[in-house]
Amino acid sequence: MVDRLEKGKAKFNELYGEGKADGLVEMQTGLAQDLARYGIEFNFGDIYSRPGLTLAQREMATIAALVALGGLEPQLQGHTRGAINAGLTATEILETVIHTVQYAGFPRALNAIRVVTDALIAYGVEIPPALGPDKD
Amino acid sequence: MVDRLEKGKAKFNELYGEGKADGLVEMQTGLAQDLARYGIEFNFGDIYSRPGLTLAQREMATIAALVALGGLEPQLQGHTRGAINAGLTATEILETVIHTVQYAGFPRALNAIRVVTDALIAYGVEIPPALGPDKD
Amino acid sequence: MVDRLEKGKAKFNELYGEGKADGLVEMQTGLAQDLARYGIEFNFGDIYSRPGLTLAQREMATIAALVALGGLEPQLQGHTRGAINAGLTATEILETVIHTVQYAGFPRALNAIRVVTDALIAYGVEIPPALGPDKD
Amino acid sequence: MVDRLEKGKAKFNELYGEGKADGLVEMQTGLAQDLARYGIEFNFGDIYSRPGLTLAQREMATIAALVALGGLEPQLQGHTRGAINAGLTATEILETVIHTVQYAGFPRALNAIRVVTDALIAYGVEIPPALGPDKD
Amino acid sequence: MVDRLEKGKAKFNELYGEGKADGLVEMQTGLAQDLARYGIEFNFGDIYSRPGLTLAQREMATIAALVALGGLEPQLQGHTRGAINAGLTATEILETVIHTVQYAGFPRALNAIRVVTDALIAYGVEIPPALGPDKD
Amino acid sequence: MVDRLEKGKAKFNELYGEGKADGLVEMQTGLAQDLARYGIEFNFGDIYSRPGLTLAQREMATIAALVALGGLEPQLQGHTRGAINAGLTATEILETVIHTVQYAGFPRALNAIRVVTDALIAYGVEIPPALGPDKD
């Protein structure tokens, strides 16, 4: 039987960089470390490790879900890094936020795009220019 | 065909003051400006510009929706200004928050009424006194 | 001290018709009747009975909050009746749903406007025609 | 290393009756069975199997969370059965729904208490009478 | 200036088939047709027509957002069709639902995967088999 | 007839300490004090004062509901104190948050467990150690 914790750490580190999974658990205190560990085991050892979607597709679905749920700024910030590392372009990440406005409404989408844009800038990623009004 | 961006800016500025719509777009960076522009075009050029509801009625519905969705403090703060400018009294705005407690529960309503009260105070609007317990 | 249950029933019946408050409690079974009674006492005896907003304003805020929360079809249907009885026009009710799309997104708004439209038709209220695309 | 699927099935069957876990997976089709299996492995093999809370406490927390999230009638119905099997009384289950009205608002609590009451009746559990207005 | 309604209808029909956009508006009654028209103009004329994401990527983000919001069965059903037409495989659609369980929780994900699986079956799409427990 | 405000204050102070209920109302300004007062009257005078659940059970249901709703950090912090005062152990409180991850997803549960852990530390409560991976 596979060791899901090791499998999850490997997948997490593939996305975020060597040693990052341990840091995620260690930044929690006491019993809360079990919840972070489940996040590694289940989210990354079980779900992210499934075939059928690429890491880039998974990060795109993640961004859309986080915008829709609302109020999850720390996760949006972290997954912006994950999305870049998975190979999504800044355009693809930002367009995913813009796409979600149809379903989640403007306030959640606008709050999210500020967090994502700031995270991209902090990671040194160039922000693509606005397309501007349709001129056709 | 009407220019929705110009129409939206005019409606937004009618609510918030001359030149404010441009500021809303400019405070975003790059691609995010497109989302802010859609906010002007669709929210203000299409929806707020419809007949059938007064600006004051629209701001009241907006406050109720924002309290119900929860976690949208920046928007609640902004629309408190919009609601005052649209002619709602401080009493009407605060009573709309109190009214929404039935549907959204106490935590969301209490967090919202703090944001709205602080915004009213910041705008120099006098806060009406509590009615207090029913003495009939 | 005021009897909030009687006060709530009177306000509920003012909105929905004589004897309706008793029916609301009686359609629940056993302990659940206490929750329905709190709905009469608190929602109608305390909140709806406050001065500061008209019944029509309250119903408008209610519709906006229900659309934003999503998945509350029975309440949307009931308050469509309440909104009509409080003096809102079909246009004002439907425009409140359309207004809320900005904050709640298209799926919740579209599901809500179907429930509200069906309720208006069931109550024999004429549905106003669409404005159609802007022809300016 | 423990077999989480077997552990989860055992815990699930402890709550719902012999053989029920297999039924939960089999009622899904194809790939969806993996999601149901994760529900057994993670929810029941990992979380429900933790020490620190009794099964009855877990079912109480579950009811409160389901009412708060809204729109989860199938799960509320199922966990009403689970709560009874875990040793909660009908009063404790219904009072948990009533308690949650403070946080989730009246529409979600009222819709939930109808589902829970109907489930209790279907399971042959006697519904406790309402306490009625405070007569002190 | 571009006619957004025509542009939106063309994009909608590209996804759902010739003439479908007109049907979407016509199935609404009166004023509600304006909301459906905004859905065509804004969602499909503005957002879906943007470059930067493929139609398949957009449908994946849509599925994730709808699962996260919860209670949007009619939209999930419709977009399952859209996702197939945009070129996503049944595996990709179902894996997107499974992926979202991390963020939206099991009840919303399980209710969604039933709707999506049933829709796929109704459209004559073969459901891929479960992967089953990890055997490594 | 009972004075619900006095009854609510007594119940609130039983949970939080002498004089705390007055502070809750006084920290609000003007009309917002009415909403805080309703919180004392309805939440504590009506709901928390009902028989059928212990104070400890109520606080457990409250924690679960607050985690599920998301974005309610001030309330989670306050009720962590209430939960300790009602006799719940740190383990029971933290396990309630961990339990809720099944329904509310990882982001809400992880954000909540940080707030609860920090509140427990601030109150001088020892944090129980993680159980760690299953070693059976």
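Worth pointing out:
Chains here go by letter, A, B, C, D, E and F, matching the order in which they are written, and residues are numbered from 1 within each.
Note that in this section a residue touches a chain if its C-beta (ideal position, glycine included) is under 8 Å from a C-beta of that chain, and two chains touch if they have at least 3 such contacts.
Being a predicted model, the structure only gives us computed values, none of them experimental.
Taken together, chain A and chain D share the touching chains B, C, E, F.
The most distant chain from chain D is B, comparing centres defined as mean Cα coordinates.
Ranked by how far their CA centres sit from the centre of chain A, the chains are topped by C. Once the centre of each chain is set as its mean CA position, chain A and chain C turn out to be 39 Å apart. We define each chain's centre as the mean of its Cα atoms; on that basis chain A and chain B are separated by 30 Å. Contact with two or more other chains is made by residues 1, 34, 38, 42-43, 47, 50, 66, 69-72, 75, 91, 94-95, 98, 101-107, 131 of chain F. Taken in their complex, chain C has these residues touching chain A: 101-107. Residues 5, 28-39, 41, 43, 66, 69-72, 74-75 of chain A touch chain F in their complex.
Contacts from chain F toward chain A in the complex involve residues 70-71, 90-91, 94-95, 97-98, 101, 105-111, 113-114, 117, 121, 127-133. Of all residues in chain A, only 1-2, 4, 42-43, 47-48, 50-53, 57-58, 60-69, 72, 75, 91-92, 94-96, 98-104, 131, 134, 136 touch chain E in the complex they form.
Listed in rising order, the residues of chain C touching chain F in the complex are 1, 3, 34, 38, 42, 46-47, 50.
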